[in-house]
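Note that chain A is present in both complexes that follow, paired respectively with chain B and with chain C.
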Partner chain A sequence: MNFFSNIRVGWRASVGLTGEVLIYLAGPLAFPLVLALYYGESALPFVAAIVVSVSLGGYFRYLSDPDENLGPREAFLAVAMIWLLVAAVGAIPFVVAGVGTIAHPINALFESMSGLTTTGATVLQDFSLHSQSILMWRQLIQWLGGLGILILATAVLSELGVGGAQLMESETQTKDVNKLTPKISETARLIWGLYVGITVTAIAVFYSIGVSGLDPNMTLFNAVAHAFTSVATAGFSPEPESIGAFAPIVQWAVIPFMIVGSTSFILLYFFIDGQPERLLKNQEFHFYLGTLAFFSSLVALLLFFDTEIAYGTEETIRHALFNVTSLVTTTGYASIDFDLWSNGAKYLLFLCMFTGGMVGSTTCSIKSLRWLVALKSFRRILFTSIHPEAIKPVRISGKPVDEDTIRDIYSYLLLSIVIFGLLTIFIVVNGERAGSEIPAFDAMGAAASTFLNIGPAFGAAGPYGTYDVFPMSTKAVMIVLMWIGRIEIIPVLVLFTKAFWKS
Partner chain B sequence: MYVVIVGAGEVGTTIAASLAADHDVVVVDVDDDRVESLKYDLDVLAFVGDGTTLSALEEARVDNADLFIASTDNDQTNLVACGTAKTIGDPFTIARTKSVEYLHTWKRTENAFGADFIVCTDLLTAENVVRVVGLPSAIDVDPFAGGLVQMAEFEIGHDSPVAGQTVAEADRFDSLTFAALFRHGEMILPTGETVIESADRAVVIGSPESVQSFAMDIAPDATPDSADEIVIIGGSPVGYQTARLLEERNFKPRLIEQDRDRARWIAEKLPHTMVMQHDATDTEFLSREHVDEADIVVSALESDEKNLLASVLAKRVGAQRVISIVDSGDYVTLFEEIGIDVAINPRKVTAEEIIKFSYETVAENIAVLENDQAEVVELELTADSELIDRPISELVSELGFQLVIGAITRDRSFVTPRGDTRLRAGDHVIIFVETRYVSDLTSMV
Partner chain C sequence: MNFFSNIRVGWRASVGLTGEVLIYLAGPLAFPLVLALYYGESALPFVAAIVVSVSLGGYFRYLSDPDENLGPREAFLAVAMIWLLVAAVGAIPFVVAGVGTIAHPINALFESMSGLTTTGATVLQDFSLHSQSILMWRQLIQWLGGLGILILATAVLSELGVGGAQLMESETQTKDVNKLTPKISETARLIWGLYVGITVTAIAVFYSIGVSGLDPNMTLFNAVAHAFTSVATAGFSPEPESIGAFAPIVQWAVIPFMIVGSTSFILLYFFIDGQPERLLKNQEFHFYLGTLAFFSSLVALLLFFDTEIAYGTEETIRHALFNVTSLVTTTGYASIDFDLWSNGAKYLLFLCMFTGGMVGSTTCSIKSLRWLVALKSFRRILFTSIHPEAIKPVRISGKPVDEDTIRDIYSYLLLSIVIFGLLTIFIVVNGERAGSEIPAFDAMGAAASTFLNIGPAFGAAGPYGTYDVFPMSTKAVMIVLMWIGRIEIIPVLVLFTKAFWKS
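Our next item is the complex of A and B:
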């Protein structure tokens, strides 16, 4: 026990909170359980997951120490543990069901982690093998992870108080969590309420398309399933051909929900609360919409002049806008197999993966705010090289950004690019070792797509393909990187520093 | 009038000196040396006491006072003194503060701190600097309604584009009123068809921005525009306020401040000011940043010595006009003698502003024009004023004398007077009127 006595982190506080979250996880698990009973499918996978989750959670609660406070270090530890363990529990139903590729534990954890982190990369081969309840569980786990589990935890566990703000900050790596109300749990509840509201709207819109006969394939099941993963910008679909399985009108209807899901929820709240100008005049919002418009029009142009694929005008615009939006918002849906497009269009889509939506939304990847700050501070460097003495704060929406934040953003960008590079090399090398060669561009796509939590890549792991083509060891590494990427690198990386544990 | 002044520093003494002849003045100060010297210099009652205490203010008979002026060098002392004075009697209280923050607080309710008026030294000084910077062609400029309104008198030059135009052509600005013309010493109340001749003197009343634009029209060469280089040396409160006011008037000044944190603070507050962090006495830096080609340099450093050095240096490297803040009143002439174009003393500016309140008139503020031929007065209208609730055109036609309503401020915002505008109780009106009718006018308020 010498090791534990030296530890300066109040790990019992983190473990206790993790236990609490695991116990509450029984709630969402009950949803597919009820669905299984309704469809007359086996309920065992979900019963097993609930038993494991509650008993593990109970044991963690038993380990906890009410005297320890949830400070910054404990928050990092809790965030990392919660995301990992919720994904692990989420994998149990897949293993217990024992059907198809995801019966293998690594594949099950890949699917679950990809779900929870709203990546949307799948290892499923044959979708028809799986029961409705298992398919819905994939969708639900994405919806839970969409806005961040810790925001949900803060909303539910109001006793968290100050610790809640700490958690939300370490989950999203933003310096100051915008509070809408004096109490952080109130704020978390408002944001979650908004999230639920947008999801319900999406269900209504999608289902009304189905009911009205415009696309009979859009059943209530599919409406709920796709509402979950479009608002969460997550990307799983019970359909092997993703949104491509639906009529054009459905594809058009999905686009706005992906865009809204990637818009800052704080600003969306202001928007409906009678202060629309706070969203409409926000520079990050402009930049985000600009990114969408820029890439969509470029891709549309390339598609338009592509003689090999003869889309009509509406089709060209729809496919360009849909797939660019899907990748920029890090959703990962596809309206068509874009792997068949020209190289130019594919490279543009690859670039889209690095953009991301707005901070404080369900988006992943690098996010517009970071790019905007980086670009503005680069422009400042050009200015200060002429006027070395000039003091010129970088401003976003007129508000100065402090220099520490700019430094953090630079290091985050650098770190992301380094990790992306290393992962690419690993995928290529490990593929050769295992005898399944992966082309360089496909490896880059898969590395970016998992680490930045997007979903589909190119080649075998393309939108209509599967990540099952990668060796188990590659998938194991991808699981870790989806986890690291989703909680924005820092909370996991600090756990591997000595200073975190000792000093 | 019975006047009590707390604080016998430079400001308090200047005020006491100018009021002593016509009024009964009592001065309270904590420093016995200052009190002692005051007794022999001025015909006032001076005694030692703490102006924030009830006992001292009772001894000064504040219950009898008409005017109470708190003018020590400490903001809090002045505010507490005003609050205390209000518990004893009901004099008109004036507090002098350095910080603009207290002025903002006071503006919200207008009776915060028990002060009836707050004179903010830093802001007032900056406003003076900006007037000197912005309107070099004006003969006379006076702010009204706390800076919301400006009255300016210009002489129309021979080469002015406005000469030969009618008033209607020249007055292109919504919030500007053409109050009067003086031609060969004769006052003319102009109509739209009146033709402006060169060598006329024009009196205009309006928002500071419109006055600035008008100055641009009549003297395009002398009036700085946004393309002109304005450099402010020193990020002191006055320097900062000057930059802020210049930004408001669409200038893009540059500001040099040596302290990194202060420079950063100013840069964050003022997006259109280019802030540089460097020593302003480094000539190599000054020429690299083209301060030598600046049209106007404002020196607003913390001490007179530094201001002297910086201004002389700026003049020496070739800046066109150099304006300097001079903290000590004794040095003002010295600065101007060695070639600094304008030296502005914050204490003198403050004292002058406060002295205006001792004029025995209902007017809150007055400006005297052309050898007392006419006055511009600011009046606050009460509920039983004869001027309210009637269209201005009707009002003006029924009066037995002529006046021009130049501007109105209502709830601290600018209202352009038109023929059909109705004045309301609580409005501040800025009126141009011939001096002989001032008493007729004030009797109607």
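Our next item is the complex of A and C:
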């Protein structure tokens, strides 16, 4: 009792917001339910999930207190709870369907968390076992995860200044961390239309390739499924061979949507709202496109000069550009099994995993803005080593960056890399303990790919492989790290400080 | 001509200081020369090195200009030149002796740079081929490297604030970066006696184990050889099995000298100068000892519960403590071939490589102070995420740390890890190109071990192995990175900025 009576967090506000989201979740769950009825498949998995979601949400609303304010602490708690509980509810259909690897609760939660966090790492073994409605639910939960992260990034993390997120270009920043609720609604309204619009465009483009006969495999089902997970830079596919299952023209068509999904939605909004220069002159945008160009060219060169690979010119450029874009934007699609490439190409792809697109987008990983600030600040450190008396602010798109923000960004980068390193070691050592030897590079790939929410890794967990090769205990830890990574680490870590609950 | 006439660096001052060091180098080179005469071995390798060193040094003195001031830029240039040229001169005896793997110029430079930077990675294959005087030169160059780094760390880097080095506890900080020359002489005088005193003590302790018959293999030669490289936390040994060639009592005796060599010499000086509390109450000292205790206990536990390892209790504790101390202090000795341990133990040892002892000591790697500041600052970030209005300085041993220093430390940590990562990739990819496949973990070990100046790695380059397994081009890059790593990165990187030469 003493513990609870001392709590200084307005947890009823967090629980209230979480309850609201859980109730809303019934809406999207109705989509695979309708699909199941249409295809004559079992609707029970989705009915069960809807019942749990609405009941739990209702109970949470009952516990909530409308007078409690959603401040920074309450927002952190709500964010952590929402991502955890929506993933749990999202796993219910897999368990209830009871088919294949994902019938196991840990696997189901892995698949659902991988979906919601737009990671795209899968434990599916045999795709053909699963019903269309279950496969579409995997896609839809990623699309929801993409929307969730857009709202989180633009309305919440930027206000709370997590890892320098306050640098994000935004007209609507309130600078008042005690007024998060109106901010969230306002941003959601703004972003929502744009996100739906881009998704509908993607469906139209993909499906037109299908109906025109250029690739008959691009059915309406596949067009919707891949529109969901390209705009959300998420990466699930109902096809075991990912985008490699489609014609080259489909692969070309997917690339721009991955790039748009990783572009700041605030700047995209300005772009269509008559201020295109705000996007086009943005330094982070340039840096992000430069990253894509740099790694694509390097990988293309390596493929071109690789005597063991005999791609034509278009093929070389396409596979280099597609897979680099997929990993830089953290989508995680593959146009081919890049695990068969040379070490040089694979390590380059591995480096791509640490880049990420722009802040304020659906992208995961470190993100271009943080690397750009770190690089500029480092260049200044070299300069001030020579001129200790010089005062020279770091500027992004002309605006000076606060020194505390630079420090926070460095600390975020370091923390990400340290967690990645520890997860790698855990994967190797836990694998050895469980009797399944995992090579160091494959472990590095899987660690980066789950924690940074990319999707595919190398070796057995490569783009055409499955995370089912890992022991259950490793998958359980990966679930936690996909969750922590997606909501940018800090909202979870603060929950483990005494100050969060008491001071 | 235009390039040179625009140069704004007082390079004649840097060249003058470098020349002075090269002339001084003749002194220590006389030691193996005398040893060669005593053992009836060829003295030519050392005569050649002395001639080159004195001539080059004399020419540099001739080029120098006593009126030019040694400011920050000139100091960076001098530091980079001194470490490069002393390593080059140090390689001459190996080439002139013309025996074994180190007769090849790149191997000779590798061995010499590995010596001078107190790395201790070796390309020797057959130790028995080499003369006593050549083997002792390997040891002595490490001892010189330890002395050099002590002076660099306490007198130069702390003044220039490289990677937060200004935090080092020091009474003598002048805060006047234009008065480096008197500062260097003053600190050298203070440190010199302490360094010699500890070395002599180590010789006495080791040799007493030899003459008392506890381990007849600990001859005077071996006592001197290992005193040189334990106090310098350097790691070369004339024995192919390193300290594993000696009795357990020798292994126990070496541990305290590695620990002392990694303790701040400024604080050691206070300790014997009647102010022991300045060392004993120092937070970095506590953190450093805590790191040793933490990793030793974990490794001991893993060894204890490893069913494939059948050590007795004393043996388990000794091997855990010895090898953890060896890697945390960056010495690089081994008491046993730890490459044969489980992945769990090996990855823990790998983590130890990134810690390091205290600033202002002979230790290499990141160093405890930087990790301590990063940890404390990170704890504060969690606190201020909840209380954005709070102002709470990070304190080390009670003193607040400057915010710019915290940022520099983060950037130094990040830079180190990024360079380590890129070097790992280079080792793998270049190995593949040259037709010698190197597993990712072995490459990670070798990258960390060379760049962070530890010595042994894992796999073929393990503690009882040799770096001769790497292609020449990989070894050439490792030479550069041992050099960059030892002088704390920044002094080399600034040389590649335009501002260094022109502004």
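In this section, the second predicted complex is superposed on the first by the 465 of 503 C-alpha atoms of A that agree within 3 Å, B and C clash if a C-alpha of one lies under 4 Å from a C-alpha of the other, contacts with A are read in each partner's own complex, and residues count from 1 in each chain.
Following the convention adopted for this analysis, a residue touches a chain if its C-beta (ideal position, glycine included) is under 8 Å from a C-beta of that chain, and two chains touch if they have at least 3 such contacts.
Predicted model only: the values in this text are computed from it and were never measured.
Student: Figure out whether A:381 sits in contact with chain B (first) or chain C (second), or with both, or with neither.
Tutor: The second partner, chain C, only.
Student: After lining up the shared chain so the two structures overlap, which partner does A:312 touch, if you call chain B first and chain C second: first, second, both or neither?
Tutor: neither
Student: After lining up the shared chain so the two structures overlap, which partner does A:395 touch, if you call chain B first and chain C second: first, second, both or neither?
Tutor: first
Student: Would you check which partner chain A:499 touches, where first means chain B only, second means chain C only, and both and neither mean what they say?
Tutor: After superposition on chain A, A:499 lies in contact with chain C alone.
Student: Quick check for you: in the superposed arrangement, does A:40 touch first (chain B), second (chain C), both or neither?
Tutor: After superposing on A, A:40 lies clear of both chain B and chain C.
Student: Thinking of the overlay built on chain A, is A:415 touched by chain B (first), by chain C (second), by both, or by neither?
Tutor: second
Student: According to the stated criteria, A:182 is in contact with first (chain B), second (chain C), both, or neither; which is it?
Tutor: In the superposition, A:182 contacts neither chain B nor chain C.
Student: Is the number of chain A residues in contact higher for chain B or for chain C?
Tutor: Looking at chain B versus chain C, the one contacting more residues of chain A is C.
Student: Share the list of chain A residues that count as touching for chain B in one structure and for chain C in the other.
Tutor: 387
Student: Touching chain B in the complex: which residues of chain A?
Tutor: Touching chain B: residues 387, 389-393, 395, 398, 400 of chain A.
Student: Using the touch definition from the top, list the residues of chain B that touch chain A in their complex.
Tutor: Touching chain A from chain B are residues 256, 260, 263-264, 266-268, 271, 274-278, 285, 289.
Student: Per the contact definition, I'd like the list of chain C residues that touch chain A in the complex.
Tutor: The touching residues are 72-73, 76, 160-162, 177, 342-344, 347, 350-351, 374, 377-379, 381-383, 385-388, 403-404, 406-408, 410-411, 413-415, 417, 425, 428-429, 432-433, 439-441, 444, 490, 493-494, 497, 499-500, 503.
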